[in-house]
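Heads up, there are several structures right after this.
In what follows, chain A forms one complex with chain B and a second complex with chain C.
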Partner chain A sequence: MQQRIPLAICFIVGIVMIVQFFIPHRLSEQTFDLAVKWIRIITAFALVLGVRSITFRSIEKIKRQKKDWFYSIFTLLGLVITSVIGLGWGVKAGTPLRTIYNNIMVPLGATMFSILAYYMASAAYRAFRARTREATLLLIAAFIVMLGKVPLGTAISGKLPDLADWVLNVPNMAAKRAILFGVALGMIATSLKIILGIERGWLGGRRR
Partner chain B sequence: MKIADLLGKIDRRIIFIVLTVVIVIPLISPIGFVGRLSPRVHDLFKAIDELKPSNKPLLISVDFDPQSMPELYPMLVSILRHSFARNVRVIVMGLWVTGVGLGEEALTTVGQEYQKEYGKDYVFLGWKPGVSAVVLGMGRSIKETFSTDYYGKPIDSFPMMAGVNNYRDIPLLVTLSAGDPGFNTVWLPYAQARFGVRVGTGVTAVSAADAYPYLQTGQLVGLIDGMKGASEYELLVEKAGYSEAFKPASQAMDSQSLAHLAIMILIVLGNVGYFLARRKK
Partner chain C sequence: MAIATDLWIWVGALLTLFIFSFLFGDNPLYKIGEHVYVGVSVGYFISITWHNFLYPDLIVPLFRQGNLLYIIPTILGVLYFSIFFPKLSWLIRIPMGFVLGYGAGVSIPAVLQANIIKQIQGSLLSTQVLSRWDSILWYVVSLVGIVCTIIYFFFSRERKGISKPAAEAGIVFLMVGFGASFGYTVMARVSLLIGRLQFLLRDWLGIIK
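Let's look at the complex of A and B:
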């Protein structure tokens, strides 16, 4: 019963949503509107569940002193402080929450992303070796795009940006499109398997 | 130490110092490299330029957070300057809760710069949970999806929202996206494919390659790719006489040019070291 009811709901809702997409009728539009409202409500509840989950997990980790448990103190502190400030003073410009956002969140986020540039430079230097023909091809393509995508490339040769565009528009796009088609077909297959109850991973169960 | 070892095993701290120097020096003393305008950026500029003040509002979605702020925030500011200079009304919203503050800041700053009035010239909707449900819901009714603005005022109370019901009343949507949810995971499949809204996008340089297939199919009207694209948009806005303000992306292009060159030189040095070592073996 625990499995049958969710499977039946999933099957009915899945089929109804597929059918309504292809039928331009008022009833179909009303069904769509209702489904969209439900999704928004369910998502709001999921947020509450998420907060509950991270709170309990963090408390558990601190209690049992699991690996890196002290980071959980900061998680909980952040959660409590921002929630209290946000609920008490609001979230608009000029509020204490915005001060925290502008002075902690923004610089921390920018720093994390900036550090990436350093690691990328170091990793590129160590890993980009022309060991094989394929690696050499990759290296040449990378050089063309790296130069073609900055004004320095134009200063070296006016044809470099065109060459970089060709790399992105022809070989890159062919590969991207193949991946996109593959992903789309995979998504359709997986969705059908979920709707028909063949794939039950989402229930925490096994495949039939 | 042998030359092969010296070139093949440069200490990472030296790499970090080199990179810092080539990034910082052009910021202090700009070189002024001039890039070439790409048609993708020009297409988006043209699409916004063709919007008339009498048209329905432009919708901008701030789908990024502070991590990608250096690339995407200058795009947002330039597009807002472009729109406000042409008296095009703007609705701003976001699918990333962590980007709401950036959207509000840009809108308020540029709005004041052009002496625009809230509710008449621009509205800030903020963020709602649901992502795809929000985007799909707006296709049916914007007012039902966002019954109030970010500040809790009813949407119906704003003069500029009169007659704006769904995507049919949005002549153009620009999403500045740094990942998922973004232009290819939400806006194109749900807003463009299902409701036919015209979509333009600004993305980080690393995800620009993902946008090219959609450009070729015409699903995207234009693309601002990375900091280079942002600097091109800044220049277009300046050349058209819409703004004379400081151009952060344009200034950063010198640093990016030299950083790319430094990385390429390091890769070449690494390969020289590798081949010298291999020859000896």
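Let's look at the complex of A and C:
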């Protein structure tokens, strides 16, 4: 029972979702809309588990004064202050939550991603030193695309932006499409395995 | 231009510098910025989830409109908390089964349509393409690239005969593709870096216009 009920629910919901896609009827559209709302509600409850986990972990760290416990105070303060402001004043434009988003979350997120430019460049220097034919190709394609997208590239040659577009639209597109086919077939196979109960990893633990 | 007097710009600028300090190695300022980001992000998503999902999709239909059908997702959601009771912890599989079944069921036709049928349509010659000789040539090159790359990923048979050079050509397309993706990603990151530097030099310090 502990496995059959979840497997049966997974099977029924999966089949209903596949079938509704192929039936262009009002009822099937309503079923889909209802399912989307239900999923939003269910996943919102799952968020509580995550919030509980991060809160308890931070409190535990502070209580026991574990390594770097001091920084957990900032996590907790950020969490509590932002959620109180968000829950109290709403999330629409002009609310205090938007001010926090624009002046704390955006600068922190953008800066974190921007410093990746430095690390990507230094990692690329170590990885791409043109030792093989393949590495050389990769390096050349990367340089063409990078130079073709900045004014410096146009200054070097007026044809560089066109070449960059060609690299993106022809060989890059061909490789991407082939990868996409593989990914799509893999996703379909995995989804079928989940619906049919062949893939049971999500049930967790030992088999009963 | 003068240095900013807006408190929020100072907050944004200092947090930006905290994160940039990581370039000199892990340090307390970076850790503060990192932990603030985690905390604020969680708080932000709690607020968004409540106002955009839970309140309009659950509270309004269930408690204001009296639609009892919404008791079902509520029960399914509450079952997530069964994990805290060892004897009942298996009940968490019920909402997980529902979510996985939904995800798997929705993804099969969607992936089939978007990632296979549409991509095949895009790879084939059309009357529009046939009007110009260069577009015909690049379409043929692209088609050859797709076939060769797929052959490269086919590991079920030994590569001999025509499949060997085809797979080698597939590697060439893959490497050019990876290089292009890498270049594109670096440019996106550099663009973000320029944005942050503009913020520091223009909005905060007022050095540039």
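Going forward, the second predicted complex is superposed on the first by the 162 of 208 C-alpha atoms of A that agree within 3 Å, B and C clash if a C-alpha of one lies under 4 Å from a C-alpha of the other, contacts with A are read in each partner's own complex, and residues count from 1 in each chain.
We adopt the following convention: a contact is a pair of C-beta atoms (placed from the backbone, for glycine too) under 8 Å apart; a residue touches a chain by one contact, two chains touch by 3 or more.
Values in this document were obtained by computation on a predicted structure and should not be read as measured data.
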Kindly classify A:Val16 by the partners it touches after superposition: chain B alone (first), chain C alone (second), both, or neither? second
Is A:Leu77 touching the first partner chain B, the second partner chain C, both, or neither of them? second
Thinking of the overlay built on chain A, is A:Asp68 touched by chain B (first), by chain C (second), by both, or by neither? second
Touch test for A:Ser157: chain B only (first), chain C only (second), both, or neither? neither
So, A:Asp33: does it touch chain B (first), chain C (second), both, or neither? first
Should A:Ile144 be classified as contacting the first partner (chain B), the second (chain C), both, or neither? second
Applying the touch criterion given at the start, work out whether A:Ser122 contacts chain B, chain C, both or neither, answering first, second, both or neither. first
Would you sort A:Met112 into first (chain B), second (chain C), both or neither based on which partner it touches? both
Name the chain, either chain B or chain C, that contacts more residues of chain A. C
On the A-aligned overlay, A:Ser191 touches which partner chain: chain B = first, chain C = second, or both, or neither? second
Note: overlapping chain A surface for chain B and chain C spans 37, 39-40, 43-44, 46-47, 91, 101-102, 105-110, 112-114, 117-118, 120-121, 124, 139, 143, 146, 149-150, 168-169, 172-173, 176-177, 180
For the chain A and chain B complex, residues of the former touching the latter: 29, 32-33, 36-37, 39-40, 43-44, 46-47, 91-93, 98, 101-102, 105-110, 112-114, 117-118, 120-122, 124-126, 128-131, 139, 143, 146-147, 149-155, 158, 161, 165, 168-169, 172-173, 176-177, 180
Of all residues in chain B, which touch chain A in the complex? 10, 12, 15-16, 19, 23, 33-36, 38, 65-70, 98, 100-102, 104-105, 108, 128-134, 136-137, 140, 145, 150-151, 205, 208-210, 212-213, 216, 225-226, 228, 253-254, 256-264, 266-267, 269-271, 274-275
Taking the touch rule as given, give the residues of chain C at its contact with chain A in the complex, in rising order. 8-9, 11-13, 15-16, 19-20, 22-23, 28, 31-54, 57-58, 69-70, 72-74, 76-78, 80-81, 83, 90, 93-112, 115-116, 119, 122-123, 138, 141-147, 149-150, 152-153, 170-187, 189-190, 192-193, 195-196, 199
Residue numbers on chain A that touch chain C, as the complex places them: 2-3, 5-18, 21-22, 34-35, 37-51, 54, 68, 71-72, 74-87, 90-91, 97, 99-118, 120-121, 124, 134-135, 137-146, 149-150, 166-185, 187-188, 190-192, 194-195, 202-204
